[in-house]
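Both complexes shown next keep subunit A, but they swap its partner, so subunit B is in the first and subunit C is in the second.
The block that comes next holds the complex of A and B.
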């Protein structure tokens, strides 16, 4: 029987076009976007930044900036046209039937109102509810979003909550009025993977309970794969492909979708075996959109027709729409298999001879504490007891030449402090640290130029790394002049060579940072870091603020530079797939301690430390068919000011074995060559644990 | 089987100030027959059905054609809706049969589902109940559909189930009603899979006082 009742969609968007009026003329941000969302369905919208995802969301809720306007198309919400409605009607609608959750929960909450008051306000204003009753409803909702200890939460201020809790409050608030449509714009992007996994679980629970239609916007393919029923891929303001989630991940047909999926490292892939093909070029500015297919300049399949004729969105199979002239050809050639990448010529393998050499970086029982001033009177006269935030506590590792140590862990685990300590920006409290046999316990200002030259750092945010008032050439040239004593004339040549090495060219020499895109700025930062030919580069989340396509390019570049200059690297990231791809060794950190350290492939398969296991189970995997264990850590990382006794992880550990965890610090157990696990559970038991992630076969 | 699980959540809702003309068009375009009218958020203010939008000819008799068009275009939903106090509603925790009983007894085709404050939580219509009836009778699943008439006495239905169950056949649907116009008899409908027609007939004929009223394969 096929008489399926297909109810009317909650939201139906037809040929929507939005433009922004600017001084340089109208900029069309969204063109010809059509989709529908039904009750209890999640539509994922994915694409690089600047593709108009958020503009669509703002357009629906009519939250566009003053210069934004909807110029064409219709927005049918619950069967009624939203375009041209009065502000007042739209406000009512937003309060009662439509809700929004944005990326940064802290800016969505009023910092000077208690959570309880803030949540109740929605009910009191929109539903004329009595205060007492509204409070009771809020409490119920906080329980529904799995908020720990909801009663006390009501009396707290937003800043007293962790990021995940704040986002739970925002989601709870959004659902208080039982909306028919929930628009979520990158709701988990600012959160840790472990917290993100919890929020994603919550969203999928809620949509079945409340039958809410959800528009989920994200740039993260893994997240999209795990929450969506259908996926729309946006590029330069157009919807280029739309299909059910399993179809789009199994047989993506649009070259852009294909490229997007290929450039993210998948969990389990390493640099020895695969190569991340980046997407060349960048998203065109909406000011000059190519006349033909918008993706043509970056497309590997492009033909003459693509340059001339703008493709229309068309149905290629039932429920699979695509905007490409060559869809049939790509489909019949058998879309490239994404899952199995075979080692190609381009893969970068490192010489194994280094393994026998002496390590160039060695840390032994390294401790970095931040002193916390106490408020007592005694401390005023210097007699108070000092308290310490133990950001890095007793860490030992060795790193050989041209190898990469990946460092992972939730935020607040001391990853960045470790990097800053090595580079000398923080002074260690205790322990030993040697680099090329030299003691590097001194802070950077006491280090000689020769040492500074060997240690360089790349930061997360390229905007704040580069001085906005100096040209690119000047900034790259500075370490050359300061550290390598190269003459002005020679430096210019060298800078040009470096620019070439990071795939920029001489024309960038005189540009200033604001004329560059995020990816280009990061390239410049990279060029500057390697300019002085350092032996060790510390990368602190170098790709987190970048789009996946740019991330792929930067990672490839880092690998090439590493090979060319034989650079040793410490690579910090919260993205476990990227760390697996990039690193030879991985250290998993929790509250200043190392839980597990060892060769990358050993970390990602059993035996696991329970914390590693939990982290892996939270990684969003861009494959809807992959099976993943659901281990969710409760609560936030405890304060490092007063860390738990015994094993630091015991307060959140899902595999707690007894009092011993709370009393004794776990000894390191050798789980293989160079592989150490710090846990009380016997290794034989940890070995029997099933792998967290099972990728789909075929 | 509670109203909660079978109602339509987030139904289309309109405001009392909406023009009848617009409501008529919205109902046509969205293929709905009932529109809950809400004010102050989602508080039920009334209900409009297609019948309510018809204008009694007597009302128009005294008007000329220009006045008619003005009258029609000025007409608001609040003028024609069934006001909230006259709308029969139901709680979402009520069982499905209660919803059916209320609809049958009051001859209404739909019941708005409201919470204790009168906020709309959903709507349940005849179509929802029929859809559920269809599921109960196993319309989507294939098998041999057999109706057995038996005395209306304790243990009779159990005997039938026991006999069929003992064979290990799958039973995708099962339901029973008092026989039409025969108060002392009971009709049980079961759908059986993995059984052949002959085997099933043999099993049922082996039961005393059980008679096959109808047997077909679906």
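The block that comes next holds the complex of A and C.
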């Protein structure tokens, strides 16, 4: 390996194995992981939930719970063995040389201390610095993490900062002592896309500035592609492939890596062009690990030897390690070609003529405001001025039968409120809304059963979407009995039919939600939502909390159900690639207003609304060779209580043209059939903009 | 073929259903059995239940049978625990007293549970002014010291078994209502409740079928504890002379009447006091053990 010419690695893990002792027995969370990270290098550790990547991080940093034990292997940190040392020695060895950044910045910061004090604490404790000097260093560090207005930030409490700012503070704190190793465990998962892009830029810059070795753990392939130098793929506690980032994305060789790459929707494709091949089967439970290759039950290349013999990690090329018996065969067959990613322009022509049919769902100047309760005495008597959170402000759209409308936007843009308003869980303030020709401006309790039956919803969190006290069969059967008035006996047959439609076998009828995985729960929720054969289903980020391969399966399922039952869908998400894949029409929302609405291919290619452009440039693409513009938005999303005048986006717009943006609300410009852009910049100028994303050629 | 299959399916289905109910009961027992504390509590309570159920077989005397020649006697071969000032066998009175208490206390808690749960669910689910009104009424009730409230109710309505149950219900319901309300407030934010609303379910269905089964756990453990308090309350009421009218073998009133003769016969006071305390301790231990185990299970 090239290690001989390089200085010793900062972290060298060799055949690490960690297990947790539980009531039901010992669970091997990590079984065989080996890698090395050098200074100034980022190793991305990728894997789905349950693969053990977080456990590896905890093992290195000695944050394992009391029931976690390292049973094998060695952890060499700067040449010193960490395994088996006492807590005192570990503290001394790690001391200020190792830092960790977690997923949720708010829980990493002490809510009772000001930022300045917390940051200075790290220096005072580890380096015995005087307070004044420590504060000065903190200020300097805040500047380096591109924190706007650092002086004021030092005096603030964590809850007064936005998510992105908090994460920057945490990263800054981690780097204050100039550590040799920085471990980051999904640091950007909880952040919005544009904020995430900023933090990723920061991490890349810091790696060069500070020459830190970074272990970057994530399940998001796009993020890994943009930030890592080398990538390690984990599956069920083992490292199955390790290679430089370009190699692993261009020629992945392990079947799991291949499958993972293929089930991520890429920015350029739509549902008509390709299908997301999900990985069949399920991740094996840690109690039930197959004797041969762990991935064999789900592998398309499996041979007899895979069932019998457990493969070891071996070098197949200079810097490419792989754990597979058939690696050479896969390599020589030219690695099952990744589905050709054709550019967006080449697609089929959608029927975009405006008035072929009556739209099934129509909204006109829809407004949903939340009243903010003020606690002044005046408001008690009803005289105070009411303040409103303008969650949905003046939205209009039309949706035709059997089409999908994707709604995209970051947190706080009002997309969830829009969904809840359509479905009746929130009462709209003003405007018009029609469904199937009927007025639906009233809340759900005032709607008739016939209307309720036609309008259903799928929710975001699979863990709370099913009632834990009832069986699956009962919960799917309830809408059948209530809304379609089917007898109990008939209902049972229908439930079994629905279970089959969502690819769950009959044994799931009697299971309780506790026994199901996240993906399975979401399937049940899907079955429950389409049980009454509704005409419109709203999907509120149904796959956001699911693993990539599970997401692919659920998306495919949604497509199948849509075709089989001819359901119109409104698909809400913050993930632009998924929305692109799934929708016919897309609406981009910002602070309660629509910035751009039109057919999917039109949104993802010029002309763009400046916000759409910024969103597209921030999406992490799982292709390190793709060219992507780097437009970063300054500032934070303004509060919806007091939105900016004129165009809501003007405070952060990189293409601000002048006072008109702050004074007048932009009219909708027709950029094509069914395509409207709400911007003051003339269309001719917007059309000349280059595309944000250019994918690499095969 | 098809008919054979369906014939086969039905018995299997019934077996499967019984099997799962039985499995649940066994599961519950497993939780209890794994906590030593709960087992001790269960034993104590079980002992009293045994005495209460088999009372007629465990003593040759009746609870109101007087023996003029054996008044205020200490323990002897004929009267194992002694007699009271009217010559009644103390052992008999204690075990017959267990009967009343072991019926009244759970009954009182059950009725408090029903009322408290309904109020808590209503307040928690509807929110707004309904919640405010219900909560303030309950606050008003909770503001009274319980003993004072008992006094007021019993004095107003007269001493009887029913009124004792009523008194304990009124004092116990607010606490249960608060607990249920706080659980409802949390469960109401879950997405399956929104899904139920989207199906057009009416509020009663959502409260009692969707929310209540998920609020079961803490409420049951709380109710177990309350049975202990209820036993204690009944004893107190009896002691204050507000419980069941004489000559009923109410432990509390046994203590009260025996108090007059305490210098010559401590036994008439001692045994009922031990009875009350052992039953309360047993119930509390059981409830605590159950709570610990169910917490750990989660």
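Here, the second predicted complex is superposed on the first by the 673 of 698 C-alpha atoms of A that agree within 3 Å, B and C clash if a C-alpha of one lies under 4 Å from a C-alpha of the other, contacts with A are read in each partner's own complex, and residues count from 1 in each chain.
The definition used in the following text is that contacts are C-beta pairs under 8 Å (C-beta built on N, C-alpha and C of every residue); 3 or more make two chains touch, one makes a residue touch a chain.
Since this is a predicted model, take the numbers as computed values, not measurements.
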Partner chain(s) touched by A:474 [first = subunit B, second = subunit C, both, neither]: neither
Contacts of A:38 with subunit B and subunit C, given as first, second, both or neither: neither
First (subunit B), second (subunit C), both or neither touched by A:211: first
Touching partner for A:459 - first (subunit B), second (subunit C), both, neither: second
Touched partner set for A:96, first subunit B, second subunit C, both or neither: first
Partner chain in contact with A:492 - subunit B first, subunit C second, else both or neither: neither
Which superposed partner A:424 touches (first subunit B, second subunit C, both, neither): second
Footprint of subunit B on subunit A - complex, ascending: 1, 5, 7-8, 10, 39, 78-80, 92, 95-97, 126-129, 177-180, 210-213
Residue ranges of subunit A in contact with subunit C within the complex: 423-425, 444-445, 447, 449, 452, 455-457, 459-461, 464-470, 478-479, 482-483, 510, 525, 528
Subunit C residues touching subunit A - in the complex, by the definition given at the top: 16, 190-192, 194-195, 197-201, 210, 213-214, 216
Residue ranges of subunit B in contact with subunit A within the complex: 8-10, 12-14, 26, 29-32, 40-43, 117, 119, 121, 131, 139-140
